[in-house]
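Some notes on the structure that comes next.
Labels A, B, C and D are assigned to the chains in the order they are written; within every chain, residues are numbered from 1.
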Amino acid sequence: MSSLDTVISDLVIANRILAKEDVVDAYGHVSMRHPDNPKRFFLSRSLAPELVERDDIVEHDLEGLPVKDEKRSLYLERFIHAGIYAARPDVMAVVHAHAEDILPFGIAKATPLKPVIHSGSFIGAEVPVWDIADRFGDTNVLVTNMDQARDLAKCLGGNNVALMRGHGFASAARSLIEVVRMSVYLPRNARALLRAKQLGGEIKYLSQGEIDARNRGYSPYSTETWRAWEFWATKAGCNHMLTRPDGGHVHGQKK
Amino acid sequence: MSSLDTVISDLVIANRILAKEDVVDAYGHVSMRHPDNPKRFFLSRSLAPELVERDDIVEHDLEGLPVKDEKRSLYLERFIHAGIYAARPDVMAVVHAHAEDILPFGIAKATPLKPVIHSGSFIGAEVPVWDIADRFGDTNVLVTNMDQARDLAKCLGGNNVALMRGHGFASAARSLIEVVRMSVYLPRNARALLRAKQLGGEIKYLSQGEIDARNRGYSPYSTETWRAWEFWATKAGCNHMLTRPDGGHVHGQKK
Amino acid sequence: MSSLDTVISDLVIANRILAKEDVVDAYGHVSMRHPDNPKRFFLSRSLAPELVERDDIVEHDLEGLPVKDEKRSLYLERFIHAGIYAARPDVMAVVHAHAEDILPFGIAKATPLKPVIHSGSFIGAEVPVWDIADRFGDTNVLVTNMDQARDLAKCLGGNNVALMRGHGFASAARSLIEVVRMSVYLPRNARALLRAKQLGGEIKYLSQGEIDARNRGYSPYSTETWRAWEFWATKAGCNHMLTRPDGGHVHGQKK
Amino acid sequence: MSSLDTVISDLVIANRILAKEDVVDAYGHVSMRHPDNPKRFFLSRSLAPELVERDDIVEHDLEGLPVKDEKRSLYLERFIHAGIYAARPDVMAVVHAHAEDILPFGIAKATPLKPVIHSGSFIGAEVPVWDIADRFGDTNVLVTNMDQARDLAKCLGGNNVALMRGHGFASAARSLIEVVRMSVYLPRNARALLRAKQLGGEIKYLSQGEIDARNRGYSPYSTETWRAWEFWATKAGCNHMLTRPDGGHVHGQKK
C-alpha cells in the first residue's frame, strides 16, 4: 500500500478503536493531518465512528472545508480539528469526544483533572477547561465555526488535552497512535482520580519529572505502543487492516 | 412501505434500541402517537422491549384501551402514555422506563436533576419529581389507571421528563427519534451530575439560553440526529428495518 | 414433560439467568424445594451456575445430604438451603450469592439496606445482616455445617433476604421465579440507595404500605412476572427450555 | 502432555482469563516459576495477554533475561517477576497489572486496602504501597531494572500483594490458579471497600483469624478452586486447553 493508503486505513482503525473502547458513541471524531501537506487533514464524513470505512474519509483544509467537491454531510464540529492543526504545527492527530467519565471535571471546576496514573501521564501536567460561554455566551455548546475553534485552540495552548465544559474534550498528539492511546486512558485517569478523592486524604499526582520521563520515552512505534494498538485493533475487528510501519509481521495476520 | 408501516417499524426499532442501550430491561415501554389520528397511539402488547416485533404493536386509545378486540395481555402501565398524549397535543412519542442511574434523583429529593451536558439539554431546564403517594397514598407504585396517569401528566406539565419517585421516569417529545435520544442521554446526564457533585464545589449547569439554543437547532431528521438513530439501530441489529423519511440511502443497507 | 422434569429445567434456567445477570459468578447457587416432598430440595452439584445442566441437579435432604449415593462433589455451602427450608415451610426456592453491589451494606453496618425502588420491594422492609463471627468466631466465613445454617436461618427469620457480612446474601421466596427476580433486583436496589445517599439529604424509602401492596399483587405466573422470566431466559440462551405452567405459547418458540 | 506442556498451557489460560476478567488490557502480565528449576520462570514475550499463545511463552532467569537466544521483544517490566521469584522461594506465580479499581488505593494513601470480603481474603491482612519515587526519584514509573524490582520485592516482603503508586499492583502466590484468583478478586475487594466507605460509619474488615482460616483451607486443586478456574477458562474460550492435575474429566470436554 502507498503511504496515503496506510494513513486512511489507520484512521479507519482509530475510529473503530475509539468506538469499541467507549470513547465515542454516535458522536465524536478523530482526524489525522495529511502526511505530505500540513495544510490538510483527514476526517470522516458525518457518521458514527464505529461505522466508518475508507470511502468515508474526507480531506479537509485548515478552515474546516472539504478540499474536493463533497455532497455528503460533514461533521458540524470539524472546525475543532482545523483550529488545532492551524495553531499547533507539531500536532499530527486530533480527537474530539464526549467520553462520559471526563465530563464531571468540566462541570465541577473545583477539581482540576491531572495525571494520577502512569497511563494517564500523556495528558500532561495541566488540562485546561474551555467554557464556550466565556466568549460566545449562550450557544448550542457545539464548536460550529472557526472563531470558536480558534478560541478553543488558544485555551488548549501547548497542552495535550482541553476539557470542554458540559460537552467533552479535545486531545492533540504527535501521532495517531498517541492520540488514540491518550483518549482511551484519559477517562481511566479521570475515574482513578474521582475515586481517590472519594477515599479522601491527600492525593499523590504524577510529578512533573515523571510526566517528562514518560514523555521522553514515548515513540509511536515502540514495542509497547504497538502492543496496545495491535490489541485494540484486534478487539475492534480490524486486525486485517493493520500495517506495521517497518513492514514487520502483525500478530494474527497470515505470514 | 406505507407511512403506517414505517411508523410500526420505527417503533420496533425504538424498542430494540432502548433495550440495547440499557434504558429498559424486561420492563419499560415506548409508544408513538398515530400520525393520522391524534386520539390513538401505538404501543407493544406486554412484552420485554428487546423481543418486540411488528405483530406485537397494538393500537390504543386515549383511555389506554385497545382499539380492536385484543386477547393478548397489555402493559399494566399503558395509561402513562394515554395520560400524556391526552394532556399534551404537541407530544408525538412517550417513553416510560426505570433506567437505573436516574433512580437516585427520584429518591433523594434534595438534588434536582438538571442538564449539565449538551446531550442532556433535551430533558429541559426543569425535571419535576412525581410522587404517586402524594395523591394516591400507599399503592403498588405503578400507574395502573387513568386517574394516576392524569396526575402524572399534570406534574409533567409542559416539561419533557418527569421522574417518578422510587420507580423511574416518563419522557415525552415531538418525535420518536427525539424521545429515544432523550431517554438514552438522560441517565448519562444523571451520572455526570452525580459524579460532579462527588468532586464537590460549584456545579455549572447548562444555562437556559444554551438549552433554548440547542432546542431551536433540533430536527428529527437532521444529519446529526439521524447519525445516532442509524448507529443505535445498527448496534441493536435492526439496520435492515431502517427507513429514511427522505427515501435516502441507509448506511449498511444494499443500494 | 412431567412436573418434576419441568422443575429441573426451570432450575437450570434459574442458574443460567443468575449467571447472565451477574448475580453469581463461579460461586453462588440456587435451589428449589421438591414440589411433592417438602423434606427435599434440588440443587446443582458443585459447578459454576452458568455451566449447570439437567444432569448436574442433585436431590438433597434437609440436613444438606444427597438423597442418593453421589460421588460428585457438592457445594460446600449447601447447608444454607437446608437450613432455610427446614425453618421456613413457606419457602419454595433459595438463592445464595455474592453479588458485588450488596457487599458494602454488609460491611458498613451503619446504613441498613431497605427498598427504595419498586422492583426492590420484594426484599421486604427489613434486611437483617448476619455476621457469622457473632456466634462462631473466626471461621473461613463460609456456612459449612447445619449449626451455622440454622443460625443464619434464625437471623433471616420471616424476612426475604439476609445479608451475610463480608460474604454475600441469602434470599428466600415462595417460588423460583420470585427468588430469581428478587436476587436480580436486590443489587440494583443497593446501587440506587448508595447513590441516593451520595446525593445527600433525606432518602425516601418505600413505605410499608407500598411494600405490602406490591406483595399482595404478586403472582409467579402473572403476565408481568412471566415477562421478565421469559426475557431473562432468552438472554441467557435458554429460551428453548421454557415451559409455561398453563401450557401457553412461549415467545420465540415454534408453535 | 508432559508436565511442562501443561505448565505452558496453563499459563496461556491464565493470560486469557486475566484479559477476559478485565484485570489486564494491552498491558499487564502473568508468570509461573519453572516447576523443575526454581531459578527460571515462564512469561510471554511482549504481547497483550488476550493474544498470547503457547509459542509466545519465553523462559527467563532470575535477572529477567531470556535463557535462550531471543529476537522477539520482551516485556519492559519482566524484572518485577524476576525480583519476586528471587526474594520469595515460596512463590510459584506472579501477576503484574493495572486493574483500574485498585488504583485509587495507591494514590490516596490515607485508606489502606484490606480484605473486607471472603473472596478478598487471599490478598492478606496487609497490602503495602510501593512508591517508586521514594528511592528512585522521577522515573517513567515503570520497573525497568533489577534494582527497582528488588526494591519492590522488599516492600512486598512476605505479603501477597503490593500496590504500586500511580501504576498498579504485583501479586504473588503458591500456585498459578491462586495468583489468578487473587488478582480477579482484588479489584472486587477494592470496590466493596470504596463503597462501604461511601456508606459511612465503621467498616468491618475480615479478622486475622478469618484470613488465616481461609488460607489454611486453600488448595489449588480443591473442588472449589477448580470450579472458578474451569469457569473462567470456559468464559475466556480456553476450555479445550484445560487439564486436571488428577487426569479427571473437565466439564465441557468430550470424554
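Quick notes on this one:
Basically, a residue touches a chain if its C-beta (ideal position, glycine included) is under 8 Å from a C-beta of that chain, and two chains touch if they have at least 3 such contacts.
All of these numbers come straight from a predicted model, not from anything done at the bench.
Among the other chains, D has the CA centre that is most remote from the centre of subunit B. Copies subunit A and subunit B of the same chain sequence form an interface built mainly from non-equivalent positions, shared numbers / all numbers used being under half. Each chain gets one centre point, the mean of its Cα atoms, and the points for subunit B and subunit D are 45 Å apart. Subunit A and subunit D have centres, each the mean of its CA atoms, that are 32 Å apart.
Chain contacts: subunit C has residues 197-198 touching two or more partner chains. Chain contacts in this assembly form a single closed ring in which each chain touches exactly two others.
Pairs of chains in mutual contact: A-B, A-D, B-C, C-D. Across the complex, subunit B is touched by residues 25-27, 46-48, 50-51, 73, 76, 98, 100-101, 103-105, 107-111, 131, 133, 137-142, 165-167, 194, 197-198 of subunit A.
Taken together, the subunit B residues at the contact with subunit A in this complex read 116-119, 121, 188, 191-193, 195-204, 206-210, 212-214, 216-217, 223-224, 227-228, 230-232, 234-235, 251-252.
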